[in-house]
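The structure's right below; bear with me while I get my questions together.
Chain naming follows the written order as A, B, C and D, and within any one chain the residues start at number 1.
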Amino acid sequence: MREITFSEATLEAMAEEMARDERVFVMGEDIARQGGIFGQFKGLPQQFGLDRVRDTPISETAIVGAGVGAALAGMRPVVDMHFADFITVCMDEVVNQMAKIRYMFGGQCTMPLVLRAPDGIIRSAAAQHSQSLEAWFVHVPGLKVVIPSNPADAKGLLKAAIRSDDPVLYFEHKALFPTKGPVPDGDHLTPIGKAAVVRPGRDLTVISYSMTMHRALEAAETLAGQGIDAEIIDLRTISPIDIDTIYASLAKTHRLLIVHEAVKAGGVGAEIAARVAEEAFDLLDAPIARIGAPFVPIPFSPALEKLVKTTAGDIVRAAQQLCR
Amino acid sequence: MNARPYGCEDLLRFYREMLRIRLFDLKAAELFAQGRMAGNIHTYVGQEAVAVGACQALEPGDLITATHRGHGHCLAKGGRADTMMAELFGKATGYCRGKGGSMHIADLGLGILGANGIVGAGIPIAAGSALASKIKGGREITLAFFGDGAANEGVFHEALNMAAAWRLPVIFLCENNRYGVSVSIDRVTNTADIADRAKGYGIPGVVVDGNDILAVCEAVAAAAGRARRGEGPTLLEAKTYRHRGHYEGDPQSYKPAAEIAAWKERDPLDRLKKTILAAHPDAAAALAGIAAAVEAEIAAAVRFAEDSPYPEPATVTSDVYAADNERSVAR
Amino acid sequence: MATNFTMPQLGLTMTEGTVGKWFKQLGEKVAAGEILAEISTDKITNQIEAPVDGTLLAVLVPEGGVAPVKAVLAVIGAPGEQIDPALQEVAAAPAEAAAVPAAQAVSHIQSAAGDGRIIASPLAKKLAKDKGLDLALVTGTGPGGRIVEKDILDFAARRAAAPKATPLAAKLAAEHGVSLAAIAKEDRIMAGDILAAVPAPVPIAAVPLSGIRKVISDRMALSWQTTPHVHNTVEVDMLEATSLKDKLAKLGTKLSFTELIVKCTAKALGEFPMVNNAFVDGGLVVNQAINIGIAVALDNGLIVPVVRNADRKTLAELRAEIAELAAKARQGKLLPDDYSGGTFTISNLGMYGVDHFTPIINPPESAIFGVCRTVPRPVVIDGAVVIRPMMNLCLGYNHRIIDGALAGKFMARVRELLEQPMLLL
Amino acid sequence: MRTVTYGQAISEALREEMRRDPAVFVLGEDMGVMGSVFGLTKGFLAEFGASRVIDTPISEAGFTAMAVGAALRGLRPVVEIMYVDFTPVCFDPIANQAAKMRYMTGGQAAVPLVLRAPGGAGRRNAGQHSQSLEALFTHIPGLKVIAPSTPADIKGLLKTAIRDDDPVVCIEHKLLYAAKGQIPDGEHLIPLGRADVKRPGRDVTLVAWSRQVGFALEAAGILAGEGIDAEVVDLRSLVPLDWDTLAASVRKTHRAVIVQEAVRRGGYGAELAAQIGEELFDSLDAPVKRIAGLNVVSPFSPALEDLTYPNPGTIAAGVRETLGRQP
């Protein structure tokens, strides 16, 4: 076990998988010469050459489209979106091409492609560089969506994503890149589709992922001091959702709170709440509560930006309300 | 660069406008480095001749779309230094009431249709503005500033094609500063000049020395004339160079030192100053006066930004829709 | 690519398990998350799910067979797929949970039966609260027996018209399916009336020992045969303990003898560590922690959930934890970690009115307390005969490592603490 | 009152608004000479001229962004994206430009743009021509989304949308174009954010929009024969949502069944179910059920497509299950 940063963990994953399988290559804007804006590709070109670590023109539609083509031709491409907000520029490649090709071709081919998308609010990047857009892709059959909250899962999920034969969207919160955490040695894989109970508890289940996982754990400590024992679950994969882990927890706590940084209306919390309330109605002793951003674009000014971010305080208040 | 038809008064005005941009962005970079601003900023230092040359050739009613490196475009189009600095500080008195920040400065009254955080996104928006002019039968034209990187976005090709097909009154001004963040243009294109792409859409493609303000001014004036005569769009490529990083704090390790030094030799401000003094040796005092006045303007802008209040928390949910009482799904 | 279904690790101390039951036959299709097999260990039986979709290609350990942890029990893969005879191949690709297509008919997750939860819609719960109704008395007609609005309204109406019955009688009637109206009685129907109306139970044929019953019998025999048990009994004057209990009750905090005994025993074990050690394979194992197991009676046997670090917990914490462990034990929801790692066990038969008790040690522990009932008895104190609430406390210990003298000193210390609870502060 | 088709109602709305305000113009592929592939702008070129009825090249990103630019200049473009399935091609102009311009400019800019997006399944058009993607738009702050189900509603809502100063996405189901319905004469406007109880009832609330409203009404007819009185609430407008009408209905019937043609997982119905569960928990006598498309790419073969989407039969079965009866 070693203590390394989130971005180092992703770098290790890339290096290991590229060494293990020469079909794996990575392309994106400013990844080779500059090593990625968060240093997450530093050193890769020196190790694998500029053919397998390619700087591209600023042409998101063409880059991702080329990725789809390379995957069809037997490669296992990793495409870096630079910012998750730019997915809108190549939305057709994601929604209508990579997600659908296998089904539309009747299973003739697989689509082993990973789209890496740094997302989330970081230091006043404003409305077009701070979004969390994962909910869109929960709605697109054919895609898998994974979101690590710590270095161990960052490495484990990226390796699993690269080895998956399905197209995987890998969202990595920009503010997490410098954070440190323990990462197991050796061929460490985190299974896609499996959540993790990060903190067992009896009174309430809190589901979260990515940055807000850390807010949830902070809140759990405060709540413990007030006699509320919160079970914290890190989804890690938001499509397909590990519904069994959720039901096992709910069968114990009977209270559910879902927390994410993305806009609340139509967020991942909506799908979980709707499905759990329909299928496990009898396990609920209280309404399922959700926390997410208000229905506004993300403001630039720090004075306003902090008002749209989910805080540990929000989680504590919602938990107290649920356990009244 | 010879003074040609511009009188001393024009040349001094050009100089003042370029100096405003230079000092604004150097001060912004300084304040950013001290952590006095949020987010990040992309400064325009070194490319002033393109913005000023272009805007001086436009009429007040004309419009522009800017980019994430748009402080210079907006100041050159008549933007106020204090309101812009306040926006960079995220203050309520900023151009966008603190909600947009450096990459989204806009002043629709001045015809600034806004900077943009998505590379290339301003190009078709400018064409749309030109379409509006054509439909309304207005005299105004629209100019799109964009970089060499944006020239590789899909919308660049779509916008040029449509504008050409419908002879829209728009000027596509590519500021080729040789780098898309760290990637030099030659590594991601196969042509020496982006202007050559104009042939594909049957419109003029003109390369111009982006550091020669008079050359830029003439080229834009010619293109504006075509546009106003209904002869359609022009693709201009101004060869220029940014003295500082893609973003403030970028070490620019991807740039050879010799290249940086060479381009600093051809600094647009120095070249204009030489031209002025060659044609009007007695203008030295005027130049010094301009420098003092601009420094004062920038200092006042900083004070204004610092003294301005942050936006009220309640404003975080306003300006999403026209009528703020819209009971949207903001539950 | 074939995936191996291996013997899971259920709890820290588990080394092997028995395959109780296969839920799928050879060649049958299996879906990820579906129950595939029932595995039992010496402590508990668990149902294990299939890790991936596929077809059951091979069953390597038949029902009743025993296999060590991580051994391959079965292989799942595509029909007709070649199985690696050596069976050592580790599945390279991670076992991804296949996205089971959302069937149009949505499966309903019910809470585990018998876990004491009343299944009622929020509306029904609200109505019941408003009308002051006890939901436990209402039978649900909604899907899966859920109590719905109609049931509450019907119940309220019936109650208004129905003959008077005591709440206990109504509850027993509901449980045993006896209709109140069927009992011809003018005045209030009592519990006895209901019991009289319940049909007599049918005798049950002899059933071979299996599962947990079998495990208990094996362990008891093993312990009795290999461990030289010696039992010492002391009589403990519970006067002070009883008055402490009453005083605390007045202050609103409950205290029962169970946690008091655990607290005193834990403190004494700290002072006499040998009694807390274990005896395994002829060797002595020194236990740092003092983890006290509490024997809990179940319908089909008993289980011993463990209170870890009992010496470091307050009486209130012990009380809460013992109550919770007991509840989980009765609900069959104890996790393997809850009932392993014990260093000393306490078995209390006081509630059954037992006066003398020679408990059998719970291996690998070295000693066990048998707690009898507390009953007022005449004792001589300072020459005078007085009535005192006396409790017999019996220590069974492994004479291999604990001698009588040590046992005696340990017992005396526990008695002293029980008779002077103030010493605990 | 007159009887017209859904498609004719759209043409009437567009023509009336273009006559009323010169700033209104339509653009899209085949809108001028051909009068749109669904025949909705027939005769427009002759009446309004090529500068207000524009045939664009096949450049959705280009002409949608241009429409945003024209809107910034005070024009009122009505863009047609031939299939909602193509909106991902122009998602940046919609999600990052139109939706955010007002907010990012601190209220300076307005984008009075309408984006018409014909969509929906049932015509065996397979994966890339059968989708319902409203859930992508309802997650974007700054956009409004309408999904009318009848000629009268589409005319009233489209006219309001064109006059609205914010960007509005109008979801039109292709199989509704030929559907007939009564339409009032003269100026007919319906405000956004106002739902319509198309059939009052006591036992269960059926929530639907666009084509599923018709299916829900048909199912309600079947259920009436079995003594189940279903109330059908036609949302008409997804953002803003008429929460009060929806909540009042659920408080009355204590049961909600949401009918949605789009893929179940992450659909707009999820947000509705989550809000009902969060705010009306104590009124619920049964779980809120979603009857929706399977989580699959839309299959081509009729044999498969018919299994993929809700129909009156599956809706009725879902309601019976919610009431605890045999489906």
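Brief remarks on what is shown
As a working rule, contacts are C-beta pairs under 8 Å (C-beta built on N, C-alpha and C of every residue); 3 or more make two chains touch, one makes a residue touch a chain.
These figures come from a predicted structure and were not determined experimentally.
The minimal number of chain-to-chain contact steps leading from chain B to chain C is 2.
Taking the mean of C-alpha positions as each chain's centre, the chain lying farthest from the centre of chain B is C.
The pair with more inter-chain C-beta contacts, choosing from A-D and C-D, is A-D. The chain closest to the protein's centre is A, with centres computed as averages of CA atoms. Chain A and chain D have centres, each the mean of its CA atoms, that are 30 Å apart. Per-chain Cα centroids separate chain C from chain D by 56 Å. If you average the CA atoms of chain A and of chain C, the two centres end up 40 Å from each other. Counting partner chains per residue, chain D shows two or more touched chains at residues 61, 92, 96, 103-104, 138, 141-142, 265, 271, 281, 286, 289, 295-296. Across the assembly, chain B contributes residues 94, 96, 98-100, 104, 116-118, 154, 320, 328-331 that each touch 2 or more other chains.
Residues of chain A in contact with at least two other chains: 85-86, 88-89, 126-128, 265-266, 278-279, 281, 284, 294-297, 299-300.
Per the contact rule defined earlier, chains pair up in contact as A-B, A-C, A-D, B-D, C-D.
For chain D in complex with chain A, the residues that touch the partner chain are 61, 85-86, 88-89, 91-92, 94-96, 99-100, 103-104, 126-128, 133, 135-136, 138-139, 141-142, 262-263, 265-274, 277-279, 281, 286-290, 295-297, 299-300. Of all the residues in chain A, the ones that touch chain C in their complex are 144, 160, 163-164, 189-194, 240, 242, 244, 247, 251, 254, 278-284. On the chain A side of its complex with chain D, the touching residues are 85-86, 88-89, 91-92, 94-96, 99-100, 103-104, 126-128, 135-136, 138-142, 239, 263, 265-271, 273-275, 277-279, 281, 284, 286-290, 294-297, 299-300. Remark: chain D residues 254, 264-265, 281-286, 289, 294-296, 314, 321, 324, 327 touch chain C in the complex.
Remark: chain C residues 33, 93-97, 99, 106-112, 117, 119, 121-122, 144, 146 touch chain A in the complex.
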